[in-house]
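Presented below are the structures under discussion, each in the form of structure tokens.
Presented sequentially are two complexes of subunit A, the first with subunit B as partner and the second with subunit C.
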Partner chain A sequence: MRASINRPPTPNPDEEPEKELSVQEIINIKLIESGEKEKLMELLRERLIECGWRDEMKALCRAYARKKGRNNVTVDDLVQVITPKGRATVPDSVKAELLQRIRSFLTSVPLEAL
Partner chain B sequence: MSQMSALNDGSLSPLSQRASRCFDNLLESIIVDVASECHRIARLGLDRNLEEEEEELRLSAQARVADPGSSGESNSKNVIDIFGQTHPAIASETFDCMNCGRPVTAGRFAPHLEKCMGKGRKARTKVTRSSTIARNRHSRGSPVTVYAPYSNATNSSRVSNGTTRTAGEEYGDFTFEES
Partner chain C sequence: MSSDSAADPARALRLPPPCPHLVAYRSGAGAGLRSLYRCLRRRPPLGRPEVRRDPGEVPRCGSCRDGGARLYACLACAVVSCSLHAPDHAAARPGHEIAVDVDRAELFCAACRDQVYDPDFDAAVVIALTSLITPRAPPTQLGNRAKRPRRVEYRPWAPDEPERAVIGQRSSPLLVQEGNASSSSTITTVNSTANATTTSCATSSAPLPWGLRGLNNLGNTCFMNSVLQALLHTPLLRNYFLSDRHNHIVCQQKSRKKTSAKERSNGRDATGGLQICLACDLDAMYSAVFSGDRKPYSPARFLYSWWLYASNLANYQQHDAHEFFICMLDGIHEKEQDPFKPPSHVSSGECCIAHRVFSGTLRSDVTCTICGFTSTTYDPCVDISLDMDSKEGPQKTNGSKHQINGNETKSASMNQKPGTSTLMECLERFTRPEKLGADQKLFCQHCQVRQESLKQMSIRKIPLVTCFHIKRFEHSSMRKMSRKVDQYLHFPFSLDLGPYLSSSILRARYGNRVLVSDGDDSDASLESLSNLELFAVVTHNGKLDAGHYLTYLRLNSQWYRCDDAWITHVSESMVRSSQAYMLFYVQKILYYKASGNAIIS
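Up next, the complex of A and B:
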């Protein structure tokens, strides 16, 4: 038997315990269906622009591109460059505002799987 | 996501946990947006263009400063151009206006033409003559009417209005060319 015939098992899309992930999926679906996800995105985007977070990230990207050579840059590179700092520098007020809205959405929408 | 345990102080309710995950998802999307845009800017060299523009502005500002010939009217017109020439801020050559025949300074030619040919607001009283001529002309079916059929229509319905006169002044240009 050739090794190629032995397929590796179909990768399990659930990286975590099934139950939790499906709830999250349901939440995501509800968010999208109600249009709330788009509103939240817009809100977050706006806040992050206002506080200069976006400019900071762009500056990081620019510096990285300059160092690495602008034609050698990939989107993945840039995502990796700004993700750690990006997550860390979101202003607390912005985060709190978003979390508050998400929480009230989650409590207002009946989630049967809960 | 290992980040969750960092956020989690152990007593975070499931609701808060889920909210936190939602937030992280949103943030991740936005991060990807930013990265994507910066990638585009980097690959297209757009940030480079911005830099070069800023440099050029700085250079032209230097040229302005370095130019010794500025006679007090130091504005943006007193710059060294690409041929290395400088021009005085206000063009001072004199010639004769082809409309009224008067000698006029180049730098004042445009305002002069306004009054001379009747396009300006202020000199309207002086100019009603030519606009009357123009109106008479195109009431006789002059080809000028073809150019602005709309204005013509309003002309006939609102004779005493200021609109009429402006249109008439515009036609004034055409009538001169015809003659």
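Up next, the complex of A and C:
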């Protein structure tokens, strides 16, 4: 069974004109290109571990899995259950810090595309 | 995860059975899951595994162009789908059910809509991650005992005829005391807490355990008394001395012969012919304390010997109990060195009883944040010093319900709960990867230059008796002074060090993959060896420069408070609420619970 048979056709470059990208997407690309997104992810991870958020989420998942039964739980289920709680319980200080970092990144990078 | 791994001696994670789609894929796939390591790479700085991509490339779902959360790359055709569209991809094409999460390197079955596990894939992850890590630590670091010591089945011993004769001739039975009938006894069974529980009333008529004897304070020597009480009841140390493994008469005779044979050029013979041996004085103390005499004992001889050994601390000032503990272990170690035996490494515990009992091994991993190269070192330790969280407890996120009305009240966003933390939290902090600051760049052998690094500690070998030292002091570089941290620390009576072992930390670093192929098969990974029981707590009350030490001892499942010469039976809650400074845990398999016969303690 040759892998090439199953591969879908390579996307046509004409199919994605640059001008369709939103501002959000452009910023995202810039963040990734400069490696800043990676740093922000690691910073966020660190802060959320420090303040106990990750442990809280772990406990929620465990409680849910215990209630539903270990074999009846899927990743999708868990994500659906804890996402709203997770989003709501991120401490303000963490949000503020990350926003600050993103803001200073935006002012430091020339955004000719905008 | 798999909490039933207790049955598995190798403590390996047991995988859930593969779904039918994974089974089908495994039987059909050409190259095999293991070769996927070529598609994976580590993402610095923490080295999480992810699917390889070009720098700057943003993976997107083939159907909806979403670049966000969970994206899965089909193993058969490499099309990327988000979690919404992955099932459609699988439904449309049989054989395309198995995919890999591009950011987390986890297998996913789009048909079952759930994560699946495969040992070959986990092996691929480990291969991809460890390609830059040094293959194994040099075994010579651990001395000539790199091989795992053989385990022998426990067989209870009973004396046979000739042995019984020897026991009868060479021992004198100790008299059992009925309760506290002895008038000279300083041990009271008055419950010092407000509410008398039924358990304490029940034991007030039971005979007191052996070895419970007050120690007189010889002038600010509570630091010494508290540690001595803990050591007098350290199971292995007690057994060693009570079974006459270090006889002070024999030892003195031997050393006297040595000094008379050598020329008297040694400055230490100012003691008048007697060599200082802390172990000898300990032996004498054990005999006195376990003799059954309940009058408080004065460890004057021991104090004198210790002053001679640690001359810089030879005064009547208050000292630190932990400092004394370390000094004492060193003292025992020095004297036990036999010049005729080959020098053995401290971590193997072959050198002296102090290290045999207390010596463990810590593992330190330093990872370069740029290239991911990790260098590992093993260091022996006789105790584990844990920092207390200097802030007021971990920040809890309970206050965030104020967010709903959009107001950010200052008190809610502070989210600080005053002063509690637990021993488990301290251990978790101890084994957490710590980013060393930009001013502490360490040399990376791979990059050949100083880089910012990540350091992570873990316990490679748990000692037979673990002493946790709680660092209850903080230095404020601003105010240029240090102060004591009185914050309450919760500690468990039973402790499982499993999650803090090197094997567990390594496994977690690779995202709980099945294989941890680091050549690191420490026998401490056996489930039974990581369970510990508390037997002594040394507490401190007071300020940094002036205070008082007490020891709480756990004997026959009862707690006794040892305050210099005064010993009282206390309740568990009193111990739990005390301010722990040093905690002594022994491996559960060596711990003697209360037996039916309370005479034998």
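Here, the second predicted complex is superposed on the first by the 92 of 114 C-alpha atoms of A that agree within 3 Å, B and C clash if a C-alpha of one lies under 4 Å from a C-alpha of the other, contacts with A are read in each partner's own complex, and residues count from 1 in each chain.
Throughout what follows, a residue touches a chain if its C-beta (ideal position, glycine included) is under 8 Å from a C-beta of that chain, and two chains touch if they have at least 3 such contacts.
Fair warning: this is a prediction, and the values are worked out from it, not measured in the lab.
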Touching partner for A:Glu42 - first (subunit B), second (subunit C), both, neither
second
Who does A:Leu99 touch here: subunit B (first), subunit C (second), both, or neither?
first
Touched partner set for A:Thr74, first subunit B, second subunit C, both or neither
both
For A:Ile27, is the partner it touches subunit B (first), subunit C (second), both, or none of the two (neither)?
first
First (subunit B), second (subunit C), both or neither: which does A:Ile82 touch?
first
Per the contact definition in the header, classify A:Lys58: touching subunit B only (first), subunit C only (second), both, or neither.
first
Figure out whether A:Val90 sits in contact with subunit B (first) or subunit C (second), or with both, or with neither.
both
Doubly contacted residues of subunit A, that is, touched by subunit B and again by subunit C:
28, 45, 71, 74-75, 79, 90
In their complex, what parts of subunit A are in touch with subunit B?
23-24, 27-28, 31, 37, 40-41, 44-45, 48, 54, 57-58, 61-62, 65, 70-71, 73-75, 78-79, 81-83, 86-87, 90, 95, 98-99, 102-103, 106-107
For the subunit A and subunit C complex, residues of the former touching the latter:
1, 3, 6-8, 25, 28-29, 32-33, 38, 42, 45-46, 49-53, 56, 71, 74-76, 79, 88-93
For subunit C, which residues count as touching subunit A in their complex?
16, 28, 30, 43-46, 55-56, 58, 62, 67, 70, 76-79, 83, 93, 95-96, 108, 112-115, 394-397, 400-401, 403, 408, 413, 415, 432, 435
Per the touch rule, the subunit B residues reaching subunit A in their complex are 3, 15-16, 18-39, 41-43, 45, 47-48
